[in-house]
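In this document, chain identifiers A, B, C and D correspond to the written order of the chains, with residue numbering beginning at 1 in each.
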Amino acid sequence: MLRLLTVTVRGFKQHKTPRLKFSTSSVMAKSKFEYVRNFELDDTCLKNCYIVVRLDGRSFHKFSDQHKFIKPNDNRALGLMTRSALSVMEELDDITIAYGQSDEFSFVFKRSSNWFKRRASKLMTHVTSQFSSSYVFYWKEYFGEQPLLYPPSFDGRVVLYPSNQNLRDYLSWRQADCHINNLYNTTFWTLVQKGGLTTTQAESRLNGTQAADKNEILFSEFSINYNDESPMHKKGTYLIWEMVNESSTKKINRPNEAETEVTVTRTRKKVTAHHCDIIGDQFWEEHPDILERD
Amino acid sequence: MLRLLTVTVRGFKQHKTPRLKFSTSSVMAKSKFEYVRNFELDDTCLKNCYIVVRLDGRSFHKFSDQHKFIKPNDNRALGLMTRSALSVMEELDDITIAYGQSDEFSFVFKRSSNWFKRRASKLMTHVTSQFSSSYVFYWKEYFGEQPLLYPPSFDGRVVLYPSNQNLRDYLSWRQADCHINNLYNTTFWTLVQKGGLTTTQAESRLNGTQAADKNEILFSEFSINYNDESPMHKKGTYLIWEMVNESSTKKINRPNEAETEVTVTRTRKKVTAHHCDIIGDQFWEEHPDILERD
Amino acid sequence: MLRLLTVTVRGFKQHKTPRLKFSTSSVMAKSKFEYVRNFELDDTCLKNCYIVVRLDGRSFHKFSDQHKFIKPNDNRALGLMTRSALSVMEELDDITIAYGQSDEFSFVFKRSSNWFKRRASKLMTHVTSQFSSSYVFYWKEYFGEQPLLYPPSFDGRVVLYPSNQNLRDYLSWRQADCHINNLYNTTFWTLVQKGGLTTTQAESRLNGTQAADKNEILFSEFSINYNDESPMHKKGTYLIWEMVNESSTKKINRPNEAETEVTVTRTRKKVTAHHCDIIGDQFWEEHPDILERD
Amino acid sequence: MLRLLTVTVRGFKQHKTPRLKFSTSSVMAKSKFEYVRNFELDDTCLKNCYIVVRLDGRSFHKFSDQHKFIKPNDNRALGLMTRSALSVMEELDDITIAYGQSDEFSFVFKRSSNWFKRRASKLMTHVTSQFSSSYVFYWKEYFGEQPLLYPPSFDGRVVLYPSNQNLRDYLSWRQADCHINNLYNTTFWTLVQKGGLTTTQAESRLNGTQAADKNEILFSEFSINYNDESPMHKKGTYLIWEMVNESSTKKINRPNEAETEVTVTRTRKKVTAHHCDIIGDQFWEEHPDILERD
């Protein structure tokens, strides 16, 4: 057994036996234990379904307080979320669209994807890991000298959608959720920050109000037209792959010629961020490549 | 629909209708889309089984090259792995033991745990996320001024073990794997670093050798007794919860008395790291709390 | 404990205590044991997918020999399979189409079905059970006085198909399989029964032949045009729901009138059996109700 | 395409082409469709757990009324259930114990079983199928000339138990359930059949009573000592494998000797039925082979 090794060995002759025994037994030991591999169960995702991995910040209410996030929306925090999502997409190019708002982000793998043989655990942990390490890695780019106090964490899940309509409805659900929350938060923090209400007063003022009522409060009491608010806050952020032209200038020196400056334009696939509506048909008509045939 | 919002609205009277319409329709929209929640499938882990979450570094061969990890073992890298695992254990106290070696770490949830209602996806993504963000967060503590070049990633999986013997065999399997790899790597890099062989020559020299042969090469050619190598390298690292005495001195000032210094000793539960054998019975006899009754 | 009950009790006074004890403890006992219910895991099928339950006869090669099934096709056995499938469809009206050949039958639940809350185990065991008991129950209708020697068994499985195309391809796969097997079996048994070959000789004669070769053997050596073979054998059997007119005559007696005979025609939904092609588009165009919108 | 075949072919020359085309394309077709096989998901049961398949009669309240089952217990019906369970055990010898009561039966596969590679769907459908076909097949042995009106059905499920204690608690749960139901039913039907109460009156009389109260009603009003009731009704039925001695007499004729009759006793493994307590330790001590080491 491996424990033989703890015997203190001084000379060559004496230790030969334990060393040999050890070696043999530890190899045997490993093969004796290897049966435990077979307890791992298969969690392959059903084929021809969109695979959505959604991440949510854990205890981000507390995290945002401790890191003094600006209310109702902190552009540094949103930017960092988007930067981390970009890092995920660049690692896993079977993701065709990602959508984020607040402390959540959803990543959509194409329905024909065969990444990690469609194993749910691999897909969700890889996305979560890349996102989490990126969040810490890029923190400084967004928060500058304000320190990150502790490593934050996100949880993830996998959901499958069998049809294009189901996937569109999923993304619409998240964007509608973004709108509803943002309208609430905008009105709430306006009442507090500009209206002088306590948070308790603001909460009770908004209790039972409809979207129209909140629009009205913002407009008539604070001259804020909600429509003019930032699209990023109202619509969230989606990331897609697009062909982008990149220009660079190059100096060319040929013998017996004056130096020439040439502009070279190359087209390459790149992840780009947008804040438009993805509920209506227009977005999907303009980006026919995201969905695959049912 | 939400798209109505994109209409530019100037005066109060005119925009009242679209605002109302929008509000109503977006609320309706959200409830219309909410059916997609029901596509999420249940992945509850079978009760009364140990839940093991194992993480493995992704592309860590390349990562270790790019970050110039010392061969065969880089104590900074191993220390950072252990620090990240500690951060996971402190967040999730139903983990009773964690074991790590090289670029992998396994976390064992007690069989009666009800964390996240035993949902596999929550358990594995939370562990993976906390570990990954900690790895970046604590990098500097272990690598100092050497920069982290990009955010690393880990993948995770969940495996269930129904009996104490199965769990012990799992941990034994990982520790036996550690031993076999470390003996190989130690011999391989000794042949290269001290013996002057190329990596190809070292590989071919070790091809087909048994553990005894490798011990012999180390001992007879390089006067290295493998038994004297670092326990951390030979055995890996396990983390457990232990009761630890912590002493602190406190100055007490009472009226009409001289200042007194008092030593206060408190006992508290703390995660501690060790590098002993966990294959034999001794470890389990000394730590009867880790396993629960079959 | 329940064991107290085994004490022999003779008089009222004496047995009062054990009876009371028993009663109390057995109730407590049941609640003490009930925790085991929670070990049952959820196996809900992903929504918006077609649920296919396929049954296959177990050891039907031996079963067909022992019951002297006619080769290559026994119409009694095929009729009994279809009768059993009909019994399944009449019990579970969310099945929109069933397809069978040889000793297998597939049942397709509509993608929006919520039978048994889409629990895979309930769906597959109910179908298998109804089919198996029907097979024995209706045996006599097809085999008359020839006795069933022992209870046969079938195994089942559940497979999900996310799109209309996937479902059509599944059914096409089974029908193409029927064709290939039937052409082989028809040629094989013709060589044996009419050509006088042994089964070994027939097997070696057909080894490596293409479908065209088998058609040729049948036509040139036995004047059999495979196209004229029974559609049931070439195409298998599918069952669908159709509106059927049913006429019945009724005698009406009114006072002071002669007795009148009236024919009453009622339209009702009924399961009907067919043997046509379901690979091409025609079938699906003629039965637009079987598939639901992707 | 296969549809080419529907073209009516009259002479050899003309049909040669379509026959060839057909053959080629149908083979191609099958391989084109075969991708649908990969939609089947793996449902392997976790290793080293007991696999319990439980069957329940579907709509057996109605079934028992239509077939005039005697209340509260019909020995013919219980006998037929046990006979069907026996048929299952004889087919699947990795089942070490089965327990039944009323219209349910549970089958326990040993924890090391590798039947059907531990695929849940195969295990549960095979058990359900064999049970269902046996129920119809053996009906006449128990109900004689009383006809079976229609094929009955059972649904099944798989539940895994990781430890010996969990499995014992599962079986205890079912036996405690049997006791509670039988005590209720015995009292209920005694009140109706001997006490002259309507079923509604009996129900309201028993409403809120404890086990002790029911024992009391039986004893003081009807002089029935519940302890003396049939063990089969109070305890249900379990089936196990036992070594049984079977004797047979054989006549031996040797030249020049008188004919001798010899009794030959052979020991063989056989399924046997019992109605004892399986909650206490005694049963398990007497049958140490049923459980495997944790």
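Throughout what follows, a contact is a pair of C-beta atoms (placed from the backbone, for glycine too) under 8 Å apart; a residue touches a chain by one contact, two chains touch by 3 or more.
Keep in mind that what you see is a predicted model, and the values were worked out from it rather than measured.
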item: Far-end chain from chain A, centres as C-alpha averages; value: D
item: Chain centre separation (chain A, chain B; CA means) in Å; value: 21
item: Inter-chain centre distance, chain B versus chain D - centres from mean C-alpha coordinates, in Å; value: 47
item: Euclidean distance of C-alpha centroids - chain A vs chain D, Å; value: 50
item: Two or more partner chains touched - positions in chain D; value: 39, 41, 46-48, 160-161, 166
item: Chain-level touch network, classified as line, ring, star, complete or other; value: complete
item: Chain D residues within the chain C interface of the complex; value: 1-3, 5-6, 8-9, 12, 15, 19-20, 22-24, 26-27, 29-30, 32-37, 39-41, 43, 55, 58, 87, 91, 116, 120-122, 124-126, 128-138, 148, 150-161, 166, 169-170, 172-173, 175-177, 179-180, 210-212, 214-216, 219, 225-227, 277, 279-280, 282
item: Interfacial residue positions of chain D with respect to chain B in the complex; value: 46-49, 111, 160-166, 294
item: Residue numbers on chain D that touch chain A, as the complex places them; value: 38-39, 41-42, 44, 46-48
